[in-house]
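Each of the next two complexes has subunit A plus one other chain: subunit B in the first, subunit C in the second.
Let's turn to the complex of A and B:
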């Protein structure tokens, strides 16, 4: 076990150093990403104004808080992309990972976790500017901060597992882009990424309850920016734990069958 | 005249190349359908909570979305492939082969590559605009449609010049991927009319990232919001931007050091 811990430490440390080298690239990438929540925020603030100040009880300031926390959660959510599996499988990049004595999943988890350190550092000034411009209203208790700090890592783990499973479809076919886009559309609409889930029509909100997506966006955001009850706070963490376990099980099963189909192509 | 013939030849070659990969059209259509379905769902969600957004009705916003999809198709099929090729050529020094040809280099780099199947979005976007128009209370007159066509053409030129201007930065910094990434992110903001954004952001989306001229202005033409002055302003902006791009291109070429560097 201490062997695995040192793998995590070394890989995460490498990620920090590598990504610090690419800080300009990282920054431009983050700035490009800010466009998305800013657009949603402006649209919903406009709607709130038109409706006399709030939509279903959510005021302009609440929307600002929601989408500013969104930017941090989104950055925590960035994991190995399913599109990357095409390179791993078609060009044989996986071969090198297979001869290592640890499961390749550990490498991805450790690398992206280390990257987060850089990302959060770069995120701080962006958050400050957004706060000055959009004037969010926050009402945060210490316990919410605590739950939030756990929940963003829960979100990270859930999304890592889900996108690993999705990416491994490439073991069977490389024509995957349409499938991926369908997946990301479902995630966009039902996770809280596009809009706070209470604004969904009732049937869609019910669907969202039964899917894992909300635990990667909506739940962590609302811990900090919404006002969840104590039961909802802890219940969310429990649900996250359940989805992490389910996701890990899915990764294990799909990996077992998928990797048998892998034939090292290229070098 | 000579350059028109050149554009025609290159387009024909580009189309012929792409026709070898006909099955890709299926995937382009699928992707396009998913993207449009998402946009419609977003619009429906917003309008389930309000009946107008910054003075635009749902059907009018559908016009904006149609123009957004259409322009996105132009961007991905004609503009971006050529610009990616240009970036690669600057990095590898293969731009030499363009510069030694007896034609205008800025024109040549812009027409060398097209991705035909991405232009599915042009048709889809046009279809959305047509559908939205059929639902509007006041149909645009002949003059409005004429204004739309002119504004759309200006918009295409603005997008091309702007993307080329950014890619030209490659002469100095070699890789501009992350810059392009940044701008592709910003492009999404064009899904909504720039008039809904707060002042400073609206100015940014008008002049720094010219989404206003590429998407909002054509949509304004069809929804009775375009004045002659606005159209003239768009024309003046387009001319100015092309001139700037041309100048930066000529300066950038001098910084290009060629294959053996």
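Let's turn to the complex of A and C:
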């Protein structure tokens, strides 16, 4: 096996091993996480019922499908937190990574990818219960399933890159929490996390199309739970590809200057 | 022979924000920050030959860690030249990082929740160690360090000493040719310290690796190092053998005699540093040691006599205070 593939395999393996040890913690965390989409779902189903069965054409069953797929995509969205860079930079954890001949990005990507294996296993029964309770309506073609399977990893890669860039701001300043809050608020509103993007006002929906957030959340959900045209289906994947490239380029540049700074000022 | 490590006039100056205490001061600092320069390393030069084990000594804040960080590519020098195994460390080339190791006694590389063996596996992948070599290196390290059982337990369940041994094993799996060891034995009990340094000695003997070692424990230095570089305030005070260090910085030796008649006053021969039960120790200037010993033997009934250099800790202490007054 080639060198880097072997690193990915071993790191992902250690993640599975570690996170299985913390399966109870993982489960509690996941249960806590479920509360959020369930609240959104109940609200929208109530609104749909009040408006005679649907909101802008989205039925109660469509909302259920949306927010159940949401729970899987949300799990795919878990990546190394920007708050973790405080420890890496100020407490010098980065030093240990910098003396090894592999870029730490690979470590993070592989670790959180491996973690997903555990998370998806734990997620299956939750998805089953949600399905029984909220009665989603799915109308899925094999192509959509295929695109979805690619798109959730696209979402994972984009969000990994974006949050790496955000976290690396810590190279220059410790006053980052306001910036992070701003980012997470924009993400909540414009990604499809709070509500399906079709419900946004037109100008906001257009903005969401041109920002990366949608491709980390709303787009993969819509592939499975919405009714995208074929052009939208493939156009989304292309946009994801573009954002992966742009994100990787941003990581490369910010990392370069960040490490230069770290090497100048120490920790 | 090309030195493994070559350091010339190495410098590192940190710029640290200065801040006075108090609310007023912190408000002012928002407007105009004042900076102070700290010359952590201020013109250090030395070589380390292939296979040589060199002790890097100095009081807290002398600049040892800063120097090791520059040698391992973590910090960019403010000035001067460094070359290790023909590489410029600051470039952090993969080929370079694959040939060195940095062990910091207060940091850990092993993953906390899994057995060390699994972290070893990670290093195999990271350093691209071919499987047969990996197994050979791993088995050798596990045997030399006697950690066969420990490496199967999650690292978080190990004691500090056990963990440090596993850390060192992990750090050496890729058979680095240059080892930077920064306080590797800090916090360990005497027994663990001893085993670890025995191991480092054996590793360097087997694989001809060069070592730059800092430690607060002189026993480490005495057991491992043919040579020491002593620094203080970022500058080299001394570079040479331990013997020369003693000769240079300790002007005294200690003569200890066992007297046939207890209670004899020997203060005429030198400063009495210890006396009791017929056993007396006096400190004399080094140049006069043999003359004084001769006179002592002629004047008193002496059943036993030893001449000793002062403990190395004291010599180092002398070196630092000499550096300060010079």
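We adopt the following convention: the second predicted complex is superposed on the first by the 261 of 267 C-alpha atoms of A that agree within 3 Å, B and C clash if a C-alpha of one lies under 4 Å from a C-alpha of the other, contacts with A are read in each partner's own complex, and residues count from 1 in each chain.
FYI, a contact is a pair of C-beta atoms (placed from the backbone, for glycine too) under 8 Å apart; a residue touches a chain by one contact, two chains touch by 3 or more.
Being a predicted model, the structure only gives us computed values, none of them experimental.
Student: After the match on subunit A, would you call subunit B and subunit C a fit or a clash?
Tutor: Fit - subunit B and subunit C, as placed by superposing on subunit A, sit side by side.
Student: Quick check on the superposed pair: does A:100 touch subunit B, subunit C, both, or neither? Answer first, second, both or neither.
Tutor: Once the two structures are laid over each other on A, A:100 reaches subunit C alone.
Student: After superposition on the shared chain, which partner residues are touched by A:18: those of subunit B (first), subunit C (second), both, or neither?
Tutor: It touches subunit C, and subunit B stays clear.
Student: I'd like to know which partner A:92 touches here: subunit B for first, subunit C for second, both or neither.
Tutor: It touches subunit C, and subunit B stays clear.
Student: Identify the partner contact of A:36: answer first if only subunit B is touched, second if only subunit C is, both if each is, neither if none is.
Tutor: first
Student: Identify the partner contact of A:9: answer first if only subunit B is touched, second if only subunit C is, both if each is, neither if none is.
Tutor: second
Student: Between subunit B (first) and subunit C (second), which does A:73 come into contact with in this model arrangement: first, second, both, or neither?
Tutor: In the superposed model, A:73 contacts neither subunit B nor subunit C.
Student: Could you look at A:263 and tell me whether it touches subunit B, subunit C, both or neither (first, second, both, neither)?
Tutor: The answer is second: A:263 touches subunit C but not subunit B.
Student: Give me the angle at the C-alpha centre of subunit A between the C-alpha centres of subunit B and subunit C, rounded to the nearest 10 degrees.
Tutor: So the C-alpha centres give an angle of 90 degrees.
Student: Applying the touch criterion given at the start, work out whether A:197 contacts subunit B, subunit C, both or neither, answering first, second, both or neither.
Tutor: Neither subunit B nor subunit C is touched by A:197.
Student: Once both complexes sit on top of each other, what is the least C-alpha distance from subunit B to subunit C, rounded to whole angstrom?
Tutor: Minimum C-alpha separation, subunit B to subunit C: 9 Å.
Student: Give every residue of subunit A touching subunit C within the complex, in rising order.
Tutor: Checking each residue of subunit A against subunit C gives 3, 6-7, 9-11, 13-14, 17-18, 21-22, 92, 95-96, 98-102, 260, 263-266.
Student: Touching residues of subunit C toward subunit A in the complex: what are they?
Tutor: Residues 14-15, 66, 69, 72-76, 90, 92, 94-95, 97-98, 100-102, 104, 107-109, 111, 113-114, 118-119, 121-122, 124-128.
Student: Could you please specify the touching residues of subunit B with respect to subunit A in the complex?
Tutor: Against subunit A, subunit B makes touches at 27, 30-31, 34-35, 37-38, 41-42, 45-46, 48-50, 52-54, 177-179, 181-186, 188-189, 191-192, 196-198, 201.
Student: Mind pulling up the subunit A residues that touch subunit B in the complex?
Tutor: 24-25, 28-29, 31-36, 38-39, 42-44, 46-47, 50-51, 55-56, 175, 177-178, 181-182, 185, 188-189, 194-195, 199-201
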